Structures are given as structure tokens and as C-alpha cells.
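First chain A sits with chain B, and in the next complex the same chain sits with chain C.
Up next is the complex of A and B:
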């Protein structure tokens, strides 16, 4: 069994919005780069399946060469090898076309996992498009996977319930976050071991792209409309507060 | 005419000859300890330097003060005095017995003149009485054991030993009395003479004297043989353990060497942390052997006192039981100690501070934690999130609402410039990311600017890595520390002012072995020196309306680094200092140490206990000099009052200067 996990390296997704800066419509380069939130769940799911079925596990990423050290974490978590497609496009169709080529090049992939959406663009497009291009079934929001006689049984988590499905043959599943796939923290000897695992680099091809043009990107600006009244003297504070409330005609 | 040895006794020399096999058995008993302890690993060099005088691995000063004099035992007065009476009483009697043997073998004139009167008679009689009082006191301790003695498990084996000692002492007085009653009154032997009056009515005194003489001698020999097979083994193990303990406070984790992992030629990858007895160093196994289960550690441990899974006493008991059962390779040790217990430790080191035999409990716990974190990746959820954040963002405050620069948004803070700035003001993670703690950084910047100190901050700061180290992830700590050391080297940083005692401890203890040597000043010490040198002026009208301030000693500044006086000194110049019940080296942890700031505390809260102690002083303000203590106490106080009472020393001083 050969499992491929699609993973994207993104800028720190936990930067507080007050501290968030855009450059050329994308996050400033100063933010730490890390594997996307759901992608880590997908990697964890892959590692668990690898351990359960003795599968081999390949992580495929489309992005910058400089992200390889970040992706070593996936290898430390338990993936066997990394395929790095060197490209800078943000276009979902281009990315999916490249991922398709990489999967085809691997040849014997039985299942493809991906986080349900990236932690920066949050579109949830690439895995579905890749499945379409590969011509294989796609099931989103998967929380649990098991295999019996070449048939996958998967649980899909919906907002108000769980749907169980089975699918045979090669398939793409997008993985959601559940307590069972909280990404493990690699042990130290696995971190060192990951440095010795193979990394294959591929040159990307330029895709056709969608007929979609990005016009602008905006992030909400938090403006404080709060006046802080000094509370050194409670009397003065109360007077100021009263005055302000009257000025605003609340009283 | 002096006393005659073997008076009324035939073949008394048999007792002396029997001392030879007894000595052999005694040696064999202790040899058995060595056979167990040697299973442990050689000591790992810590890279720490101590100026203390040493002979080989033995630290002379602590060997005498804590080992021989037993200085720590007197912290608990009743036990201290009774133990002291017994120890020194028996010690003198032992010397007396040796002198008698020397008299018999070499004819040493001890039974003559003033020496006989004042030492052999008066002193030894008094010593016997002291020992008797002491052992009776200790017997009472054992018959109605205090909470600390019975916590977890009560150690057996003391009562038979104490009864034997009583038997030996009483029989000694009896036979002394019988001898004196049948001969002449002995000048100086005040108890013997009194005993003589009591026993003079007994018929067949000479026969009874022989019976008591042999019983006394044989019991004493049996007692000595018994020592290594009973808790009395501490007679030798305790001084040895204290002498071998590095006399620097704190667990002294040193730094681990990871080079074997990257070296392809390395034959064996090192095991990280400890999962079984044979992974421990010999010193830890000696610790477990020397432990008397007295429970003083249990009594001061913040985890044990709030009914958490951890008791340092329990850790030592489990280790000693494994050692006794020779379960050197049994990895169920971790489950027997319990994973929860291993993560409960706040590394406050109160346990080792009060331990009379200088056991390093936190180090044993931390080694187990290192194994869980680095080998098994098995740790509580919140700690794992903090570690993940540390790994990805170089700070542990995951989900922080503040950005890196938020704390200095509206103020102008100089950036450290190579060759121009003298001090690096190291802000640390808590004061960057936690809104309440940010005020410390702003206050300190203002103080330093007012005082005209040449200082600067790093434009882009990361954590020291200390939380990783405390959570057991030495690897991550070193990754972060090495980046900092590289940055400091590039900037030419030589002097660092820290706001957080954890950063202070990390820079001074753990950066040096990695190649980072700096003069590190904690902000409390800096503030005090600025006040004393007059560089900052306290507003004079404050003198009339000085507030009372209770000072909470942070474990990592006080107990770990002996900074007790400077913060008190500084606070005294702006207010009236009051002391909490537990202060200075006996201060009670706020609960945040050991990475437990990132833990879900169950049951009673450590910070609330400490906050209550602080509030009980009725002080108007509660001061501390650690951002983590500040955050924990601020939360803890909320249970009792709405009032904002907890402040950092920098905030208090900053509010008092012009």
C-alpha cells in the first residue's frame, strides 16, 4: 500500500490580526513558516494508516525550496520520503496539475490524503481539483479511514452527524481535524532520523490557470474606539466617565 | 587505683574478637549497596563550576555541615534535638568503646586520674543519658508518626532499632551500677553512682553484672551488624550522599550531548532521559538508598500539598523499592511513579532545599520527564501545544493575542546596537506576549531610561528556550539557545538584564555549557543597585504614605540563585516590607514552574494557596520579581479579592520615581 499526503507550508496561521501585515497581497515574509493546520492532521492520519497496514508514506508539497526544512517535520512524524515540487503559484488549478504529475510519477499510489483546506488561502480547492484531474473519487471532510480487501471505509463528518462510506480503488480524501488525528510531536531520534530520509525535488510545470484574477486582498483593520479613562483617582474617573456618557448622549 | 577492664568477667576478650567478624559483616552490608548503585551510569559532567573545596568527588564543606553535623535536621526542632542527642551521645560512647579496646590492646592509660573522671565517667555517663533521651524522643516520633512520616508509606525498621538501642543503653547503666555497687563509688560517674544505689539491693549482684555485661556486649555487636540491613544504614549513606551532592541549589540538569545522533560513525545513539533504574546516574541511586522516607520533601512540595499525583517522597520510595528488588531494567518504573506525577513537578526545588540528606529529587523527576518527552513524545496536551509553539514560533504562548511589538507600541525603546549599547535588556516571552506581564517590560524600560543606563533590546526576540528545558525537551532548548548564542555573538552582547528569573537561570546555568558566557543581572538586582547608587530617585513624599508590601520569592531567583536581599532592599526603599510565613529559601512556588504554567491544574490550586498566604499578611501590595509568579498570583488572588494587588518590583519602583 502506498499513501501520498499533500501538504502545504504556510505562514504562521496564529499571528494575531493586530500584528498581521501584507506585502504584495500575501503575508509578510517575516512570519515563521509551518505546515498547514489540517495538513498536519492528514499527515498524522497517514502515519497511523502506515503503522496499521504497513504502507509506505510519501509527502508531496508544492512550494518553495526553502520550505524543505519545515517539511522535515512530516518525515520526523513518520513519512518515508518527501517530494518537493518547486513552484510559486497560488493558482489552485496550477498547483493541482503539478500534484497530479507528481502522483502519477510515483506510479503506485493507492490513496491520497490532504488537509481539508490550507491554513493561508482557506479555499479547500486543490485536493478536489487533483482528484478530478486524476479521474478518481474524492471524499471531503474525512475523519476516519480503514481498509479491508482493497475497499476503503471512511467516515465523513458533517455538521450534525457522521456518514459512513466505502470506496474502492485509488481515491482522494480531505482530512478534517478530530481528536484521533491530533498531530504527534516527533521524538528527538525521529527528528534526527528525518534528516537522513530522501527528498526528491521536481520542477513544476506552468498550468493553464483558472479564468480567475485576484483584484485585491484586504484584512480587517481593528480600530480601537475605546477611550481609556485613567483610574488614579476614582472621583475624577467617575466624573470623566459621566461627562463622556453625556457627550455621547447615553445619559 | 583506676577501673579494671573485664572486672568480674572471664574471657571478656571474646567480645573484642567478635568485633572482627562484625566489622566484616558491616562491610559486606555496605558492599551490597555498592553492588546495586554501580548499576547506574557514571556521573555526566555538568559543565558547571563550583568554587567549593573538594577531595576527589567529595565536597568537604557540605560533607561536614550537612553530612556530619546534620545541619538540616534541626529545621524541625524536636526531631533535630532528639536526633542530635542520640547521634552525638552514641558517637561519644563509640569513642569511649574504642578507647577501652586501645586500653586492653595497647595499655592506653584511660582509666586514670582526671581523664577517667571527666571523660570515661562523667562525659560517657552524660552521653549515655543524652542518647537515651534522644532515642526515646525518636521512638515517640515513630509510635505516633506525624503526617510527613506516614505520608505515602511509613518506613518500617526504625522501632526495633530504637528498642535495641534503648536495651543497650539501659543494660550499660545497669552493669555500671552493679559494678560500682560491688566496688567503690566512681568520681564523675553520676548516673552510674545513682544506678548503684538503685541496684545495690539486688541479690547476686556479681552474677547479674556478668549477665548484663554479656547481654550489653552481644547486643551492641548485633546492632552494629544490623546497621546496613536497616534504615540505620543512613549512618554512612547520608553523609556520603551529602558529600557527593554538588553544593549549588537546583536540580542541575546540565546539558545533553546530541552529537551522536548526527555522527554516522557513532556506535550507539544515547538514550535520552531515564526510563529504568539502570539509566540513572549512580548518584541518583545513592539518593534512593540514602532516603529515609522522612517526608520533609512531601511537606513542602507544592504538588503534594495540593493532592496532585506527585510526591517527591513517593518517587524516592518507588526508586528504592525497585532498587531493593533489583529491578534495574524494568521500564514499568515510569508507570509506577505515574506520568501525571512526572509532569506535576514545578521544579521549585523546595524538596531538595529541605532534604536533610541532600537528595536531588527534581533531577530524578526531570530525567524521567526527558524520557517521556524526547523518546516517547508523551506529554500533557497543553504542554505539547506550548512546545509546538516554541518549536514553530520560538515562544511558548500559543494563541497569544499580542504580536511581538505590542508591548512597546506607544513607547520608544532603544534597539541594541553592536559596539554602542552596553546592556541587552532581555524581555523574555511572558513580558512580550502576556498583556499583564507587558507592563513589567514597560516599567523597566522607563526605569533604565530615567537612570541613564545604556541598554537596548533585540529587534526580533525569541524565548531563551527555558520552558522547553523545563518541560523535558532538552533538544528544543538547545536549538533555541544556540540561535540566541549566535545572535548574541554577532551583536557582541556581553551584559544582559533579565526580567524573568527563568531567563536568568537559563543564561547563567545552561548557556555557558553551550558556549554562551555573559554577565547576567536580574532586574531586581539592577533596580536595587540603581536605587542604592542614587541613579533613580524615590519620590520623597512617599516616605509618609509608604505602603506595606509583601514580597514573594520566585523559586528561580531565590532558592535557585540565592537572590533574596536585593529585591527586599529595593522594596524597602519604596514601602514597608512584610514577610510571608514561608519566604526566602523556604518560599512556596506559585505553581507555574517546570512548564506547569501550561497545564490544566486539577484540584486545589497552588497559586491560590500562595495568594492566600500573601493576603494573610494584610499587606497593601504583593510584590514579586518574576512575570510567571506575577501572572499566577494575579490569578490566585482573584479567588479572594477583586482588588488588583500583585505587582512586579519594576512596576512598584517605577510608580515611585519621578
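Up next is the complex of A and C:
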């Protein structure tokens, strides 16, 4: 079994709004680079499946060459190798076209995992496009995967519950977060080991474009005045809070 | 423009899509998924009981090609996420997901960077596949019902094994007027019972959670509020032990009043809050519950 995980390196997604700056419509280059949060859930899921089924695990990323050191974390978590497609586009069609080529080049991929959404573009789209281009089924928001006789059985977390589904053959699943796939913290030994794992670089192709033009990117202005309720006596505080909420007709 | 809505038969979702469709047309067509009557007035209504996105894509593609739809509208839910990408490839369509606004000149707005920025896009070609985030479009009142013709769907690649629908205890989060949300700062599953008690004193009260609390396994993922959880619009939103990450705030943009309870006065949640209590929640929630009990 060969599992491919699609992972994107993004600017620190935990930067608070008040500190966020744009340069040329993109996050300022000063923010620390890291693997997207959901993509780490996907890597963790891949590592667990690798351990359970003796699979091999390849991480594929489209992005800057300088992000290779960041992606070593995936190798330290347990992936076997990294394919780095060198490109700078944020266009979903272009990224998907490149991921598709890398998957086809690997040749024997049985399952493709992705994060539910990237932690910068937040669109939950690239994986579905990649599946469409590969001509294989796509199931989003998957929390659990098992395999028997070439059939995948997956749990999908919906708005109002869980759906168990099965599909055979190559498929693309986007992974949502559940306590079972909280990304592991690699041990020091594994961090060193990851430095020796193979990294293959690929040159990107230009895609057809998503047929949409980005017109502008702006930071919305947040205006809020927070009234701190004095905390001298918790009982008085509770009453003051409820009184203020009622006076302002929120309750 | 010729517009097709694809959605399960659920009045709130349909109402929001109807509002969005008015930016493009007077009366949209619909593919309604599920059983029963289709609320609202559509030009043509198709209906199917096939609820798995991957199994619907091919027949939707045929329908859209045959009828020349220019806009395909879905909500940004599990179903919309299943269909949008593969359908775009099938139709070589323009695609924009998770939209939160449509301007009068048909520009589409959507947040990026966890809601820290808003991008505007224009579609260059048709059809355009568009998914909209829940709760960002006022829901239209759906008048009457439309009778449907069946949408032929051939067997798809995915089989449904089981489906467990979680019955929300009490008021669903999307309809709640008061939400009491706990984050990772709650420190354990058992502490959520305090929040349940508190929510119980409000007529339309419900308990929510941050991804931090869900990741810890303290509550079900169906309680998660935020960009990738439920989008809510209560009158009062209590955020307890929640740091206020932008992705969490993306789910409460339309909350009227946020009350933050956090022991770290630097926590980002205070920047979004109307009222703030800088303290350990364990010292104040029991007092708030006591005050509510005494009043009731």
C-alpha cells in the first residue's frame, strides 16, 4: 500500500488579527512558516495507517524550495519521503494540476490524503480538484479510515453526525481533526533520522488557472471596546455582568 | 443568469441560498436532495434521494451542461465540499468556495488567512460554481412549495454503510440566542457540565466548544464553533477559556455581544469582546449560575 499526503507550508496561522500585515496581498514574509494544521492531521492519519498496514508514505508539497526544512517535520513524524514541487502559485487549479502530476509520477499510489483546508487560503478546494483531475472519488471531512480487500471504509464527520461509507480503488480523502489524529510531536531521534530521508524535487508546470481573478485583499477593521467587569467579589461580578447584559438589551 | 441551487431539503440552508441566488437571477432552478416537499418557489425543481456528493457529480454535470446553467450555488457544508471541486473539473468551470458576500457588481468575497483578511474575486468564465458559508446570507422566506421531477442518478463509486445523526440536546447551535462556549482552558470534559447548567437557564441557550476542546476529546466535534465548525449568530456569546484565534472568531462574526472569560488579560478574545472578565472561570461560572438560579 502506498499512501500520499498533500501538505502545504503556510505562514503562522496563530498570528492574531491585530498583528497581521499584508504585503502585495499576501501575508508578510516575517511570519514563521509551518505545515498547515489540518495537513498535520492528514500526516498523522497517514503515519497511523502506515503503521497499521505496513504502507509506504510519501508527502507531496507544492511551494517554495526554502520550505523543505519545515516539511522535514512530516518525515520526522513518520513519512518515508518528500516530493517537493517548486512553484509559487496560489491558484487552486494550478496547484491541483501539479499535485496530480506528482501523484501520477509516483505511479503506484493507492490513497491520497489531504487536510480539510489549507491554513492560509482556507478554501477546501485543492483536494477536490486534484481528485477530479485524477478521475477518482473524493470524500471530504474524513476522521477514520480502514482497509480490507482493497476497499476503504471511512467515517465522515458531517454537520449533524457521522456517516460511514465505503469505496474501492484509488480515492482522495480530506482529513478533519479528531482527538485520534492530533499530530504527534516527533522524538529528537526521529528529527535527526528525518534529515537522512529522501527529498525529491520537481519543477512545476503552469496550470490553466481557476478562471477567477483576484481583485483585492484587505484586512477588515475590527473595532471593539471591551468593558472589563471588576473582579473584587465574584458574586457581585456575576450580578453586574447580568445587569449590564440586560441594560444593553442583549438578554 | 441561469442559476441552479444544489442542496438538501432544509429550510434554513435553502433560504440562505435563495437570498444569494437573487444576486444572479429572479428565480433559480434547484436540485433538491432528500425526501418530502421542497419549500420555496423555483422555476424547475429536480429531486433525488442520493445524498453522497461523489455519487451525484456525474448526473449534476450532465444536467448543468444540458441546461446551460451559468451559476451553480451550494452551501459550504460537507455536501458542497464533496461536490464543488470534482464538478468544477468535469465542467472546466470557475470555482469559488466559502464565499461570505456577493457585491452588487457580482464580486465574490471570501475570508483568507483564518479570517484575518478578506479577498475579492471575479469569475472570468461560466459556469461559476459557488459555495457560500452558512449564516452570512440572511435567509429568505420560502413561499409555498415546488413540485419536482426526479433527477436520474446512476450508481456511483461510494456506498453508504451507516449514518448516525446526532440529535442536538435542546436548541441547535445555529438557532441559539445564548451560547456558552468552552475552550481548552476548561481543563477537562467534566467541567463542561457547569456550562450546560448555565446554558440551561436561557430560553434558547446552548453549549459550544472551540477546536482546542474538541481536539482534547472533551466534547463532540458537532459542538465546534468557527471557520471549520458551526457558524453561529447568537445575541450573547460567552467564550470561556477560549484564546480567540481568528479561525474561532470567524464563526462568531455575527454574534451581537461577546463575553470573554479568560485568565490571561492578553488573550486575543478580549479584542472581540464587549464585556470581559479576567479570571479563572472556576471562580465565576458557579456565581453566574447561582445568580441565574436565584432570578428564575
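Definition applied: the second predicted complex is superposed on the first by the 222 of 251 C-alpha atoms of A that agree within 3 Å, B and C clash if a C-alpha of one lies under 4 Å from a C-alpha of the other, contacts with A are read in each partner's own complex, and residues count from 1 in each chain.
Following the convention adopted for this analysis, a contact is a pair of C-beta atoms (placed from the backbone, for glycine too) under 8 Å apart; a residue touches a chain by one contact, two chains touch by 3 or more.
On a predicted model such as this, the values are computed, not experimentally measured, just so you know.
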{"item": "Chain B versus chain C as contact partner of A:192, first or second or both or neither", "value": "first"}
{"item": "Partner chain(s) touched by A:205 [first = chain B, second = chain C, both, neither]", "value": "neither"}
{"item": "Partner chain(s) touched by A:18 [first = chain B, second = chain C, both, neither]", "value": "both"}
{"item": "Which of chain B and chain C A:241 touches, first, second, both or neither", "value": "second"}
{"item": "In the superposition, chain B vs chain C on chain A residues touched", "value": "C"}
{"item": "First, second, both or neither for A:120, with chain B first and chain C second", "value": "second"}
{"item": "Partner chain(s) touched by A:32 [first = chain B, second = chain C, both, neither]", "value": "first"}
{"item": "Residues of chain A that lie at the interface with chain B and also at the interface with chain C", "value": "14-16, 18"}
{"item": "Touching residues on chain C, where the partner in the complex is chain A", "value": "52-54, 76-78, 81-82, 84-90, 92-98, 107-108, 110-125, 156-166, 168, 178, 202, 211, 214-217, 221-222, 227-228, 230, 235-236, 244-247, 249, 256-257, 259-260, 268, 270-279, 283-284, 287-288, 290-292, 295"}
{"item": "Chain B partner contacts - residues on chain A that touch it in the complex", "value": "12, 14-16, 18-19, 30, 32, 34, 184-189, 191-192, 195"}
{"item": "Contacting residues of chain B [partner chain A, same complex]", "value": "258, 261-262, 269, 272, 374-377, 379, 384, 387-389, 392-394, 398-406, 460, 473, 475"}
{"item": "Chain C-touching residues of chain A, taken from the complex the two chains share", "value": "11, 13-18, 20, 22, 25, 27, 38, 92, 96, 116-117, 119-133, 137-141, 143, 153, 156-169, 171, 174, 176-179, 182, 210-220, 222, 224-229, 231, 234-235, 237-239, 241-242, 244-245, 248, 250-251"}
